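If you scroll down you'll find the structure; I have some questions about it.
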Amino acid sequence: MALALAAPALAGGNLYTRAQQLFLDLGLPPWIFAILVAAVKVALILVFILLNVLFLIWLERKLGGHLQNRLGPVYTGPFGLLQTVADALKVLVKEDVIPAAADRWAFIVAPFIAFVPALMIWLVVPFGPGLQARDLSIGVLYVAALSGLIIPSLLTAGWSSGSKWSLLGAFRAGAQLISYEVPLLLAQLAVVVWAGSLSLNDIVRAQQQGTWFILLQPVGFIVYLIAAIAELNRTPFDLPEAESELVAGFNTEYSGFRFAIFFLTEYANLLTSSAIAATLFLGGWSGPWLPPFVWFLLKTYVFVFIAMWVRFTLPRLRVDQLMNFAWKLLLPVALLNVVVTGAIVAL
Amino acid sequence: MSRPVSLVPFVPATRMQDAEALARAARRIEEAAARLDPKLELQPQVRTDGWLELSVRRESLLEVARMLRDRLGYDYLLLLTGVDWEDKGFQVVLHVQNLSSGERLVVTVNIPRDDPRCPSVTSIWPTANWHEREAWDLLGIRFEGHPDLRRILMKEGWIGHPLRKDYQDTRPPRERLPRPVR
Amino acid sequence: MMAVWRQVAEGVTGVIKGHVVTLRNLFRRPVTYRYPQVRPELPVGTRGIPVLLSDEEGKLLCTACEVCARECPVQVIHISAHRDENKKKVLDEFDIDVSRCMFCGICAEVCAFGAIAMSDVYELADFEQDRLIYNKDRLAEIGRRRRGPIINYGIKTEGPRYGPEPAATAASPAPAAKTSPPEGAKP
Amino acid sequence: MDTQIEPRTAGGEEIHTEEIMVNMGPQHPSTHGVLRAVLTLDGERITGVDCDIGYLHRCFEKVSEKLTYPQIIPYTDRADYLGGMTNELAFVLTVEQALGIEVPRRAQFIRVIMSELQRIHSHLIWFGTFGLDLGATTPFLYSFRDREVISDFFEEVSGARMMYNYMRVGGVRNDITAAWVEKVREFLRRFPAYLQEYDDLLTGNPILKARTRGIGRIDAATAIAYGASGPVLRASGVAYDLRKNDPYLVYDELSFEVATATEGDVLARYRVRLKEMRESARLVQQALEGLPEGDFLGKAPRIIKLPPGHYYGHVEGPRGEVGCYIVSDGDRRPYRLHWRAPSFVHLQLLPIMAKGHFMGDMVAIIGSIDIVMGEVDR
């Protein structure tokens, strides 16, 4: 967290130009400097995500525990804070089992296909004013494109495992994620229409000048919330890995660190979706008194809390109800929302 | 969606303790059997615990069972099992009940030990399916006309029928913890 | 149309109600016992392992009548005795194979001399299988830790959780592994 | 299996599809033990179910032939390990009926209290695991929280939390104390609030309704033909309850309603069980009110020998009719003992209920018939 907080100083205009000047004075070609800056940015984001994911996993277990009248992890570290670290260590030293029936290379590669896009999205997430790895002018589109990349990963994982449970899980994952991608994008689209820009930074600024989009777009927010939870494979939409039906769905056969990568991806995606929600609907980093970065984190965790709260309350939908819900309810509502938004904006 | 099923009329408390009611029920069975086939010669016995007991010959079991269900309303098979009486042969025991009147009946069928066959009543009371499979599995009574007579509790390829009194476990004895010598 | 709206409203309130329940429980005190640190206060008569009781002088009450061994449904009690010069039975061995005992308490119930009782000792895990056969010394030792009267054929104990090591008599040298103290034999 | 798949076409050409066979169990999170169901799936739709049981077979009936009657009592606990009290009761009632023993009134009341607490206890587990089957983890923890209280009651009075060995021929093992009664009263006072919590959490939930309504439907005729009993039969619209229809103990002196529903689907069974918990609480309340003074263990012969003959006794267990069939040849040991396990009977209905439904419904159906494999395999 400290590293991330120090980021303004690193990426801030002053320090940045000074460092650039230093490099040019040393006679080094400018591309070396560009690569170095990029590497620092990537490292910072990676650290930020990993730290948060560690915290998220702990939070999920602790919150889940207390929502269910139990304690959650208590033994490792204060409040069991080091539980995730302990689990990670345990998982890493476990045997890496690749089933005999598996399609070996696809099986090995699948977790990483999911993991890399989950990290890449963070390129465009604005942590604070100017605190953004790259302000793409098509930010929202970029996010949408990358978040869709998880589908091939899950399909690959399920198919290559050589297990029927995994296969069923993969089919479910494919159908579900594609279906919920549509209302998710439409919910984002309404925000984009209102803000008049695809750049996440511009969207935050638009909210800073006006009001938060959650107030202007309540329907959009709810659609986003539901679709995002579905995209994250979390209860009540956790069908691809429904443990009471499909054992563990697409990752039934995964163990050891490959399983850990899937696990990590899942929580990284939760963080991503929450960050995007905070940016699009809750005004991103904008807010009084506190530093922008803190505001950003707080808003992200509001969404995280909602997602966890929902998980520990609701039962799971059935596969056909899931599809009906997406196509017959969520999609029309999201479309209507876009149309109404467009009409208002046009007026 | 189909229509809701109507509630079967509530059965009043029928302990069936009074011998009169039991005797009446026994007579009904006797009369129905006589009407069906005089050669059946069914003699329902009245027991003290509220049950009727009826011994049926193996050949006529199916016929009697159908009569019991269709004519006399014994629609509910509680359990079907077998008893190994060693040299006296096997006995198949059915407990059936008339849900709406509360009449209860034990049907026993004696079958010789060297020819342990018995007609299956699965076609009359579908619930008999697993009960008969269990009786076949554990006692080795072959139910003829059963749709799917396989072992149910023991694994496939098990040798022998464990609930028979002369069953010998052919497996090697399990390793026991040696008692420490003191 | 009205019916549809009512259904939607019902659904939404149903979901919200559920969330309220979980949120309310978030602020409730957890009910978890932190087991190894916090031990439950077991009622008298809880059926842990059966133990042998002694009189004030520390002599076993058991008369080797073998009723318990006969009545035990799983046949885990092993008794051997000899007759002394007064033709009185003297108990030599009394072993209970705890790994097969099902803690039904019949042995304590049938004992006419009150020599056997169920104890509240239930943590019986061990690293060696033959240490699960409790001999009369270990059973008597747990029995001597009794506190309070016998209620529901059971007693409450105090002190260390495990019985003492089986005495290595000169006649039969105990295996070497047995001399190591049992793990977790802390007070 | 006999269901034909309609051919699918794409661009005029028929697509070749195949049913897949999936082994659900014996190690599967929702088969409630070691049930192995061989499913034939057309996509997600179930076209056939074949149950394979016996993984938990412990030769209960064979072992019983070698044991005296008091020694069998702890074994009956282990048949349906979530309904120990009612199992013991079924066995003990059969023996008492054979011997013609009169049981003291206090013992009868205690038995009623224990059976009904056991029913609540068992239904709470069912509620939790049913929620778990449907993907809701929280109800499980809540119901176990409340069930622990009842386990404590049992432990205090019988010495064990699950394998009670509490019923005796002629009465019960231990008396209940005034302090215990007060504790149970306190629990019953809080119980409606618990049930309200469950209702809010799960019963009113639209997802639960969508998942359970119209699923696994069986009509009354099928239920009767397949020998269903208990909540499964009552949810199909047959008000058959042994406590009313063949009253044992003092049930005919207590007032309670038989919980029924007519739909015969998973939701109906869910409702029936929740209602039964309320009724059981009422019964415990009444039994505590009317608890007479007196002996808790009546006179029974020291050595129990049943007169030659065969005897059948049954009680209404949490899962249905628990029956005990004893054949005696006059010895101290039964010549033959057969256990009518409701779960064994109900499991036969699974293929009928599951056919044509989705994979996800399968777990809901298994959850709704509330099987205990210990009882199925005995």
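Per-chain residue numbering starts at 1, and chain names A, B, C and D are given in the order in which the chains are listed.
The rule we apply is simple: a residue touches a chain if its C-beta (ideal position, glycine included) is under 8 Å from a C-beta of that chain, and two chains touch if they have at least 3 such contacts.
If you're wondering where the values come from, they're calculated on a predicted model, not measured in any experiment.
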Chain occupying the most central position, where position means C-alpha average: D
Chain-chain pair with the highest tally of contacting C-beta pairs: B-D
For chain C paired with chain D, centre-to-centre distance based on mean C-alpha positions, whole Å: 28
Gap in Å, rounded to a whole number, between the CA centres of chain B and chain A: 62
Distance from the mean Cα position of chain D to that of chain A, given in whole angstrom: 44
Rounded Å distance, chain B centre to chain D centre (Cα mean): 22
Shared interface positions of chain A, touching two or more other chains: 67-70, 312-314
Of all residues in chain D, the ones touching two or more other chains: 138, 142, 145, 201-202, 205, 207
In chain C, residues with contacts to at least two other chains: 15, 18, 21-22, 25, 31
Complex contacts: residues of chain B adjacent to chain D: 1-2, 4-8, 10-11, 13-15, 49, 51, 75-79, 81, 83-84, 93, 95, 99, 102, 106, 125-127, 129-130, 138, 151-155, 162-163
In the complex, chain C residues that touch chain A: 15, 18-19, 21-23, 25-26, 28, 30-32, 34
Chain D-facing residues of chain A, complex: 64, 67-70, 164-165, 168, 171-172, 235-236, 238-239, 242-247, 312-321
Residue ranges of chain D in contact with chain B within the complex: 53-54, 57, 59, 61-62, 97, 214, 217, 219-220, 224-227, 236-240, 244-247, 252, 258, 260, 262-264, 310-312, 314, 321, 323, 325, 327, 335-336, 338, 340, 344-345, 347-348, 377-378
Residue numbers on chain A that touch chain C, as the complex places them: 63, 65-71, 74, 309-310, 312-314
